[in-house]
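I've put the structures underneath this note.
In what follows, chain A forms one complex with chain B and a second complex with chain C.
For the complex of A and B:
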């Protein structure tokens, strides 16, 4: 079953500033539809004065991602929100290898004495007699 | 640092220019010398670093393949086979493993690699018999080709 990794989305905007216009339109028109379409994401809408409009996304593994939505249209904010809802909280950096194992070796990793005759490693009373 | 008075706040303003400069300097932090601190030197170094990393993506494929070949050669010499003999006989026995996988097997599964080397050696002997024995002996077992179509 699919578990959405996005826990909550906080929409912080100012009720009067000009760059929060898109955010206000989003709240009026598309926020309720977005909340209905993504029932497992909690959407918090908190108007606050003075700072730039932000979209805070918190994920199940604890990462918090902030996206500036200043001077963005309501459509763009909706697309951003759906993109964040589809992501997981892992860091967005270059993956060095697309594979990973905890047990890389089944037969025992090679060391310089793997293919040598065991007379070099084994010390026993019989060898000394011969 | 906590700046308590308004005058101190204004004196240490973070302008847009600061952020534009930091965007470049963040890629130069691990360089040596003044290039990791001074913007003018860092711009040139960062640009060269990016160009080199773009061009090196083509070289990386060649370098890694050469590394795998070196490792396979070392491992097969431990079992008494040279690299060209090993690879050619493995291909003739229809074992289509690429060099990356064979190198990983040589490191992490030495017994599997030993059996691959033994297979290549057996196929080599059968090839010699077929070429020098002139048709009187039966055909080799490992020289049989399986058609999958």
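For the complex of A and C:
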């Protein structure tokens, strides 16, 4: 029961600019392999002239992450893409606890009165047989 | 001999029960627990697992984050060995220090492989014109514990 959190990967690059050479090589060589290895991710490739090459990743939460791929080799772009595919859409901020449970206590949470004899069993000066 | 304050030790003297009776009692308890496990009279199970050089107390359907890279891909099912303790509502099984693999089964799936938030590592000496800044990003993996199962093969 595993659902990949990445919805769409949009690759924007321009067919002539020099810094999107790695993006063009990636599209020629590795894009088809990537799409086959991750069958539940949709990969859009849109050549656009005039803007810097970008890799847009949309997740099921609705968060959109943009990564610049200007002057990067196609292998680096592939690694980036796999990294983005493994992430989920949560914000990358400091998390306070490395664990999260919905049911933290199974045998009942400890309070200072567990494992202590109750007032009925304690023998005091007044609670003897009358 | 007269009894002083140092004749007997200050802690209360504990009488150990007869070893034969103890063995009988032990077998009784073990059979009871086995029966309970076989009939399935336990509710939620929790376990203490040693994983990634840390000990975690886990139940089913909960999330755990490691600060390293596992060799499994996203969506892989992982079986965790090195279980130290298993407990339910009425009984607990304590291992010395580990429990057997044919007793407990803990399964988890790799959900996410991300990187941590960018941590800043800066060194600065005053009046010496020395400062170095480095941004450290650790790879992390997130696991979700699917099931914890026990089998009635105590002895």
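To be clear about the criterion, the second predicted complex is superposed on the first by the 97 of 130 C-alpha atoms of A that agree within 3 Å, B and C clash if a C-alpha of one lies under 4 Å from a C-alpha of the other, contacts with A are read in each partner's own complex, and residues count from 1 in each chain.
Going forward, contacts are C-beta pairs under 8 Å (C-beta built on N, C-alpha and C of every residue); 3 or more make two chains touch, one makes a residue touch a chain.
Everything numeric in this text was worked out from a predicted model, so none of it was measured.
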First (chain B), second (chain C), both or neither touched by A:94: second
Contacts of A:115 with chain B and chain C, given as first, second, both or neither: first
Winner by number of chain A residues touched, once chain B and chain C are compared: C
Touched partner set for A:14, first chain B, second chain C, both or neither: neither
Partner chain in contact with A:4 - chain B first, chain C second, else both or neither: second
Chain B versus chain C as contact partner of A:63, first or second or both or neither: neither
Which superposed partner A:106 touches (first chain B, second chain C, both, neither): both
Intersection of chain A interface sets (partners chain B, chain C): 106-107
Residues of chain C that touch chain A when the two form their complex: 43-46, 56, 58-59, 61-67, 74-75, 87-89, 109, 111-118, 142, 146
Residue ranges of chain A in contact with chain C within the complex: 1-2, 4-5, 83, 85-88, 92-95, 98-103, 106-107
Residue ranges of chain A in contact with chain B within the complex: 104-110, 114-115
Touching residues (chain side chain B, partner chain A) in the complex: 75, 78-79, 106-112, 114
